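Paired with chain B in one complex and with chain C in the other, chain A is shared by the two complexes that follow.
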Partner chain A sequence: MFLHNLKYELLAGFRAKELVIWLLIFPIALAVLFKVAFGDIYEKYEVFSSIPAAVVDIDRNPSLKSVLDGMESSGEPLMKVTYTDEEGAKELLKKDDVEGIIYAGADQLTLTVSGQGMSETLLKTFCDQYNKNAKIITDTAKKDPSKIAAVTSILMKETNAVKDAKLVRGNSNYYDEYFYNLIAMVALFGALIGLTVAVDNQANLSPLGARKNCSPTPKSLSLAASLISRFVLQTLCMTISVTFECFVLKIDFGDRLGLVYLAAILAGILGVSIGFAVGSIGTMEAKLKQTILTSVLMIFCFLSGLMDAGMKQRIAENVPFINRINPAAVITDSFHALNVYSDTKVYTEKIITMLIMTAVFSMLGFILTRRRKYASL
Partner chain B sequence: MANTVVKIDGLVKRYKDLIALDHLALEIREGEVFGLLGPNGSGKTTTINCLLSLLAYDNGSIEIFGKPMTPTSYDIKREIGIIMQNVAVFDELTVYDNIDYFCGLYITDKAQRKQYVDEAIKFVGLEDFTKFYPKKLSGGLLRRLNIACGIAHKPKLIILDEPTVAVDPQSRNKILEGIEELNRQGATIIYTSHYMEEVEQICTRIAIMDKGHKVAEGTKEELKKMIKNTETISVEVRGLTDEIREQVASLPHVYLAEYTDGILKVCCSGGKHNLIRVLGVLQEHELHIGRVYSELPTLNDVFLEITGKALRDKED
Partner chain C sequence: MQVCNLFFKLLRRNMKTAVIFTAVFLVIAFAISGSSDKSEMFKENRLSVAVIDNDSSEASKALTDFIGSKHELRDAGSDMAEITENLYWESVNYVLIINEGFEQRLTAGETEDLFGEYRVHDDFSTVYMKTVLNEYVKTAQACLAAGSSLTEALQQTSEAVGMNTEVTYSKESSEGSEEFSSSFAVYFQYMPYILISVMLSALGVVLSSLNKKGVRYRTECSAVSPRSVTLQIFAGAAVFVIAVWLIYNIAGMIMYGGIFRGKAWLAALNSLIFTLVSASIAIFVSSFDLEDNVFSVITQILGLGISFLCGVFVPLSVMNSGVISAARFLPAYWYIRANDMLIGREAFSAGSFTGFLLIETGFAVVLLMLTFVVKRSRAHETAA
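So, the complex of A and B:
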């Protein structure tokens, strides 16, 4: 009887136009839109780690030479430096062989660029930062030379902090985060089909639910078949979404694609269970529940930074607990962990959180829906 | 006497201050086509929902096949077929798949199920539509599909809650004939409606409900005997004076004579040859007589006399 239920729940699910539109076509269309919108930036971002730059008068600033050598030895240099004289630098800039010319003054750096773009901005940021640090050290030397060592140590710590972070072995592209967020959004859209599990099995929410409740099939069995069918459908949708982004749009998911698939699938299942739980609470009409669910999802997404990139950070600083219980934040964190850390400690932590949340939401749905008489229909 | 299939005793259902069912008692026997007749809001559907254990009630007891009905009475539910007021099918499944799905909730044996599904399709006349999706069906065909989903597993007790609402006459007749056939095949039927003609046509016993009360119960004949009126005579006549009307009113068995808009309405209680006597008085005064009707009481008359209002809502 379970397999009979599952078969038809799957069949009905595969034929549901809403499912195809919201869980397949819409995310794919959005991903294509992202790709087109970011296309130019995205490609440039791929090479920004080695911005070609010319450095003039390096002999006037030995400290700069040390910094640039240090950056080069880090393995991921920000700049690909050519040391030359002014004429040579201008020639290189004219031919677009370099993005900018850094003039090494004794006290500070000056920058000449030929255009306005990300590379130029990064070169300017580098020069500004260098000048700021140089001024701090110079001022300290003038006021209290004994503190130079301490100040230098603090500045070095900043550098070390960056070096100590375990960057992922392959991909560290900032723009990939948008696609990860998109996958998280698709996962949470699964809540909409999760809601139908509750609606289609409760007599007070749909005629279908009423008819099912009149049958001799135990409600727990009917619910389980419905829920599992939605899990399967959402798993398929998530797999297609990740595959499309990875192999059609050529989004770089790094070299741990299997873990990306795993996180996406679990996120989708979590989304379905959220919908199931919300659909099971209270006696409101199905449409009202759908409105509530959509609002809840929007709040989850807003707090996780899907709409405002800085929100999650602000939450992390002020109410970090929210990020640990917000499903949207947990989902994006799992992708972020794959994006940033080379080990899987944080990733595993997020996966376990997702599993626990899925279990809690599913149990809540079962408890609230199972074996119920209704006060009104 | 046939076995009792459904026994409802002292059923009370409240929605806050509104009493939807007020100490309702019903007994439905095996092989009956039992009609629950009443206007919208009289408590018919609430009774059915309580009966099916979908709705929690405040007091009373419900037994089906001699056992208390609960949400987990799966052995009882296996023998019940339900056709709800609202069509309850999957929009994404074909006619065949829908019937197979719902039949499969009751029948696990595949071969038997296939046979039952085929028989149900034939029974409701949807042979040419098995691969259609519900949205492609007309209202009448959709109702037939709804019925097929409810009866495919060959239940002993079939509950039909207003199955002919918004159905074309052809489909309505098909549905009513189908219900009679199901009854002939041995099923006990509970049929709710506010269409008295349907109830009169197919039901062997009827309970009339109003405001959560059972106001009358019995066969059609028994119900009609409960009221004073046995015959209503209407005569189109011109120039009827009050004197002549009073003469008609004084005839034996006549308890009411009204003259409005050129029509004389005479209500009789018992007696024979009432029409001849009324026409005799009119001819005696050489009045011009137009069309003449003699009507036996309907269930609406029964309802009207018991409750003081018409059975059918104005919009119906």
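So, the complex of A and C:
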């Protein structure tokens, strides 16, 4: 009887348009849009690359020319220089082809910029250094000319005072957190099909529930078949979502893909169990429950960074407790942990939290729906 | 007037989503325009830097003070996990470790590995901090070589490294003009998303209801002529479209602080044409007999899709060339190009600007013609 019920629950699930639309098409479309919008931002704006700059009047400053030539011969130079006249430089700045114009003609370098970002700050730092070195050499020449050679050689020396230590060996592109959040959203939207488990089995919520309650099948069996069929459907949706993001959109989930799939599948099961529990509470209309559930889930997703990736960290700094109980944050943290940490301590913590949450919500659903009798409908 | 009355009755019933969209949009728009930086002076970026001083010497304290004078000093965190999270999310941009024996090695003229670091990103902040630290070390050693004592050398270094180049801040390139500033232009930049969403969720839903098979069949066999039905629906839709455009532009004027001037009027004209384009998208989509569920997904996907692809949410300059090539086939791309031209991200040319507006209008005309074709084919269906 259980297998019979399970078979028909699965068939009904596969034929439900809502499942295909909201759990597959919508997230896949959103993922494509996220990829289009955020795909290149990290590489273009966050990761350092040589800053395009225009230099005017270089003929009047041969020492600057030799410094810039020396710089350009290094692996990744600070600047990518274009030598031009003032008009040309202004045109380049206007078209945003360069970040700033360095004027080399006067005693000291001066700079013109059109923005206030890190690129402009780095250009200013270069000019500051050049002007400072020139001043130190001039001051030394005035004070004690015999020391000019020593001072100049120190100032021109190739220095590497900082020992490199990058903490994250995996993917440090935090824009990928949007994709982790999207998977969390798909997982939690599984609550919408979890909700139907309760609605389809409660006689006062749907005609189907009323018919089921009249049938001789034990309620626990019918409920278990419904719930397991939703788990199977959601597992399928989660697998498709992760596969699409990973292999079609090429989102970097790190090198422990098996654990990524495990987290996603458990997250989907958690989503379904949340829906089952919420659907079982009270006698509100199914549509109203669905609206409330969707709104609450969207708030969870917002707090974990679906609309603003930095939100979760701001909450971690101010109200860390929320991240520990927000299912969306727990799910995204599990992907984040696999990416950032080399060990699986944090990942295991998050998986255990998901399992506990799933057990609590499923139990709650069963307790609220079992042995319910109706005097009249 | 029966059909027109029905149109507005259905519109009132389906306005909830459009009202929510509008309210959220206006709140966000007001918040964004209020928080824009109107500085006329160039300001260096201030980073959040954490310093772990393992030397506790005069030199390490001087360096910490120097960094503190230019940047915000922050606590790195109590354990490695917290430090990693702070760096990953850029709550802290850089963690500097001043190694034990720093002062001794500095005065001895050593330059290699005086510092350690924790970082997560290979970003501009890291390059900046490394550049400044290398320069600090070289300058301190140059001052020592020039005959200064350690205390003098550290003081001279702080003064020298903190030296400021004369910087001219030219806001010409992409900061807009006084009559159409870049902060205000953001309001018009986000408008395509809200216009498409509102038109589809209100006008589209109403027209879709009127186009439903059963309703259409009943209307067609009623005493009202098809021409009158079309005209009444057109009149209702026109009133709605103009009202939506007026609401957003009046709200825009409130944000602007008075009646638009100069290029702001051109932005309003651009938005009027895009309102017509959005309405034609809604009319086209509603000409298909779609289920409510499918219609709401199409609304979301079209609104978000067009906006993401055409540079509404993320600037066109960030997107790769393939996406931009595809975006040319969408009307919002030309709207954004026109808006960018008004801000100054592209050189303004009256001819090109007019061209962009004509292309947008062309999209509206093509969509209306396609709607006509779809309606014709469905009319044949009915006749059959």
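Note that the second predicted complex is superposed on the first by the 241 of 377 C-alpha atoms of A that agree within 3 Å, B and C clash if a C-alpha of one lies under 4 Å from a C-alpha of the other, contacts with A are read in each partner's own complex, and residues count from 1 in each chain.
Assume contacts are C-beta pairs under 8 Å (C-beta built on N, C-alpha and C of every residue); 3 or more make two chains touch, one makes a residue touch a chain.
Everything numeric in this text was worked out from a predicted model, so none of it was measured.
Residue contacts after overlaying the shared chain place A:L78 against chain C, while chain B stays out of touching range. Greater residue coverage of chain A by touch, when chain B is weighed against chain C, goes to C.
Residue contacts after overlaying the shared chain place A:S342 against neither chain B nor chain C.
When the shared chain is aligned, chain B comes close enough to touch A:A375, but chain C does not. Chain A makes touch with chain B in their complex at residues 1, 4-5, 8, 11-16, 203, 206-208, 210-219, 222, 371-377.
On the chain B side of its complex with chain A, the touching residues are 15, 49, 52-56, 71-72, 74-75, 77-78, 80, 82, 84, 86-90, 92-93, 97, 100-102, 104-106, 108, 149-150. Residues of chain C touching chain A in their complex: 37, 39, 42-45, 80-81, 83-85, 87-91, 96, 109, 111-135, 137-139, 141-143, 145-147, 160-161, 163-175, 291, 293-294, 297, 300-301, 304-305, 308-309, 313-314, 317-320, 323, 344-345, 347.
Listed in rising order, the residues of chain A touching chain C in the complex are 17-18, 21-22, 25-26, 29-30, 33-34, 36-41, 44-48, 78, 90, 93-96, 108-122, 124-129, 131-132, 135-136, 139-140, 143-144, 147, 150-151, 154-155, 157, 159-168, 172, 174, 310, 313, 316-317, 340-341, 346.
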